[in-house]
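In order of appearance the chains are A, B, C and D, and numbering begins at 1 in each one.
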């Protein structure tokens, strides 16, 4: 089998299964970190990498890359994904009125949340996507993720892994200097990624966490969510799988719902083909719905597109994803 | 009013209200950062602080300070605080069996969580505790936290604040070199905190996030949770409020359920008096149920008790607390 | 104060507060069943009533009046009201694959639900609505419903109360014989209610549970939910409060989101004025989002509009409402 | 294969799989109501049955058979079954303080619940238990219950089915006239069921919903929950499967967590063998954790053990169980 094309025009738009299979075969990392591996490409981050990343801290500014977690989020119920429902167990109103039964004037407020782990700014864990019933590292999906959760590659295993150099690729500003926003349906190519990096004067390296800004979130903020959750969006082309594999990046996150371009690049029914290549085959941890707006402005101003990124998932045992408040430390 | 005593023996054990009021008056920071402040002592962290903290990174080792988020946690239902309930919306078993209806062999797993925001490793936000109907900065509790959540000081405001120098004070090992564990009911004094810092060769400074290890979590891991959630525990004495105020630390976290010593230091009904002084009056952000075990071992081995700490809360709009996966970057 | 008008044209559309106050004063039942009352007009149901209602059972047909409880419901997030989220703790897929760890070939499925108690077919309890800070029977709202729920009139007190004669008033068919559907915004008057009863040959009596069909649910089923949850709808006019009080009905339910006509009958901001009169003042239990379609067809066919109705709420301690599957036993 | 024994002493206590298989084969109702059946033994209830049951209403007294739904329930977290968590979206305290932003003095309270559908008084649906990967009517478990719920026999299909004659068999009082309580571990036999019915002067008939009182709930109320959820309990012997099949009852409910005797009647690991026979093979709908105390007193006083029973499940789409407030109408 020849190396898959990295030109979207080279895709056979009638054959998602074949195009996926070709890339899965070419880029599969199964066994690369041993039979018991639970981290996939996060293994590319080593301690030396982090020491170097910490040296990037120059101003001490911290930029949160999280969207708000509340009912004003983009979810509309697809596959039972709702926005977070946050309710109070105790309130200040009750405390002030003196109904809480505590001594010496103390009062308290507590709260509860119910939410899909994939509802807002998040990491997709390695148990999130399967390829023909196979999970990351070649395990059978049903041996990995049952109703009891991800018994093997649960996101808790990455609890101390996700601190590294972050690199922002502001493809939105690179391709659309006027608006900074890619059109919905635009498929970001390997050439775009490399071009943006070059233009920004940054080199993507092994173990980096790459943040790809499309500008779609800025548009959604301005125009309303619309179909942000699942509808048309700019995003990575399936043909970038080779670049993802070759660069040995640790993780990639975008400011869109679904990481890859939507509608997907086929003329027949298709659904998130780049996920199918990346998560179970490459072992890639994927971030979605990150808010890269303030970071992009800061990078544009400073001309520096690399920083220390701290984005550890919440260690929910057996989770296939995690809400996260990633911080870029500039 | 004379300066409150920092000797636990100086407490009038029959008068919690008076002892609290004395410290609230002496240490109150209301107005210190303006009328609109939403951060309290987190304001002590400045960007220079963070640049210095980043320079502490020497090995690149990351230690997660979070407990697991699952049904095996310590909660027993008190005030409707349960352990997290994590359920699956889709599983690998379904994907492998081919029941999901997706094209070209892709399968997926999604999940949902329902949990109190204070159920496991967490930050208490500024809206978590009130003193006689007053919230942080002198606002009325009912103006701040209603059934709609914390409308003023919600934890989302701290989303990019909580990155600073972390300092571990391993009081457990300092006072109990053999076991490393303080007894339940032991009230940690100012002298203990200062003594531990001295012994460790570290100085607590303005803007630090101080982690106080009691060893209780190690005991609970060994012996079972028992009454970890709300029962007897080692913790800070009410009399440390002066030290907290004077050192201008940004935040304090412990490895216990409740931060302060339990039973509380009174012979009459009392409940979390140091919270009542610290949160609404000093404006302190408090961490609870942090797992300091691996960090304490690493610090004991290296002899270095300072590090870069990244512990941003999940920006749940209006939350009075947040689950967190704090990471120490050594 | 003169008796309030029962003609919608007699309303002062600029003065909701006055129009509400007038009716609250005229129809208030506070103290009617003693200081400790927790049931309001449900007290009108007595055991003799039920014996008589049971005699109405002639065919043995049971008609469920509940909508489905699932993600396809009408809620859109207003005031954090979502549709029910139903997730599995164990599945047949897991059982069939043999991953559950049970002996001798047994397998199981369990499930969890998270839902607002007011999300679908429901009863509004007596703690659901307040009038100027007053709850049912003249209690202060903050003495009744805190963050701990309804401490006084929680819906659990009605657990064995809600079985009585049911009477369907099919106002939709009565006023619109062709379509059976009232227009959104149509305010049902006392004359309409009396006219429908007369036309149907039924008399509304003390202790009845009256089901008012508008036909809006049929329309929503056909045309999509649109703004069913909170938008324009046919419903009872504020001016029917006198009829509600005078007839001494035990409860009223409709096939709409909000029981009363929307937009409400005022030219200035107003919100559910009939609720404000009916729940805290009259002590009325109100049903919403009931599915009266099959029942209406059965009644139209038989010409009989009375039946045994069993609609006990789920006794959630302290709840201000309850999901319910009401059954008409014909 | 000979008819299975109805004497517990006839069980081979070393062979649960064989004893279950024997009864599954002997009592299997697959196909009895057609290939598409979704109701199992609820089909035994016909409309004539209900007309007759309605005639049993003599006093009009209604007895709720539901336990409370709150945090004080018996669940301890086994298989993530928790007690219900009920939280408020709006409160009377807020309304009274005027923080809700509604016009003309109206205020409101709303609430939310998160709960396992099997946490308190409930029906087990037909998708709740499987036998060697088979669900009711011989379907494969994975074709019936996936992460999307019970796609075939979801409890919503029984929404209008569960109204019939109820018969109380107070085995507790029959066997233990002094205490009215069977010991934990006591296996109720066919002879006990028949004996209780005879002593009470009632005959169990086709289509009845039979309520078997053991007295364990009374004991738990007096002595604390202990291991009510899953521990030792009185309950039906596996050997009653023949009686269940032969009598053609529509459903059976008990006042215990698990319907059948616990520990189960084997010397080797076993788990709920009567469920394995009854639900997937006989097609029986099973009620658990019903509160039969008040009903038992009323029946003892009147000497009448039959009544109209209305216990429709909440139609949660795809649910394998349902909370329920069953009412006996005497």
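What we mean here is this: contacts are C-beta pairs under 8 Å (C-beta built on N, C-alpha and C of every residue); 3 or more make two chains touch, one makes a residue touch a chain.
Small disclaimer: the values here were computed from a predicted structure and weren't measured.
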Notebook entry, point to check: If you take the chains that touch subunit A and keep only those that also touch subunit D, what is left?
Noted result: B, C
Next item on the list: Would you mind pulling out the distance in Å between where the CA atoms of subunit A average out and where those of subunit C do?
Entry: 45
Margin query: Using Cα averages as centroids, what's the distance between subunit A and subunit B in whole Å?
Written below: 28
Check: Got the subunit D residues that touch at least 2 other chains?
Finding: 80, 85-91, 93-94, 96-97, 99, 112, 114, 142-143, 146-148
Next item on the list: Quick one: label the inter-chain contact graph as line, ring, star, complete or other.
Entry: complete
Margin query: Give the list of subunit B residues in touch with subunit C in this complex.
Written below: 85, 87-89, 91, 93-94, 96-97, 99, 112, 114, 147
Check: Which residues, counting only subunit C, touch subunit D once they are in their complex?
Finding: 16-17, 20, 46-51, 54-55, 57-64, 66-70, 72, 79-81, 84, 86-93, 95-98, 102-118, 127-133, 135, 140-150, 156, 159-161, 163, 268-273, 275-276, 308, 310, 312-321, 323-325, 327, 329
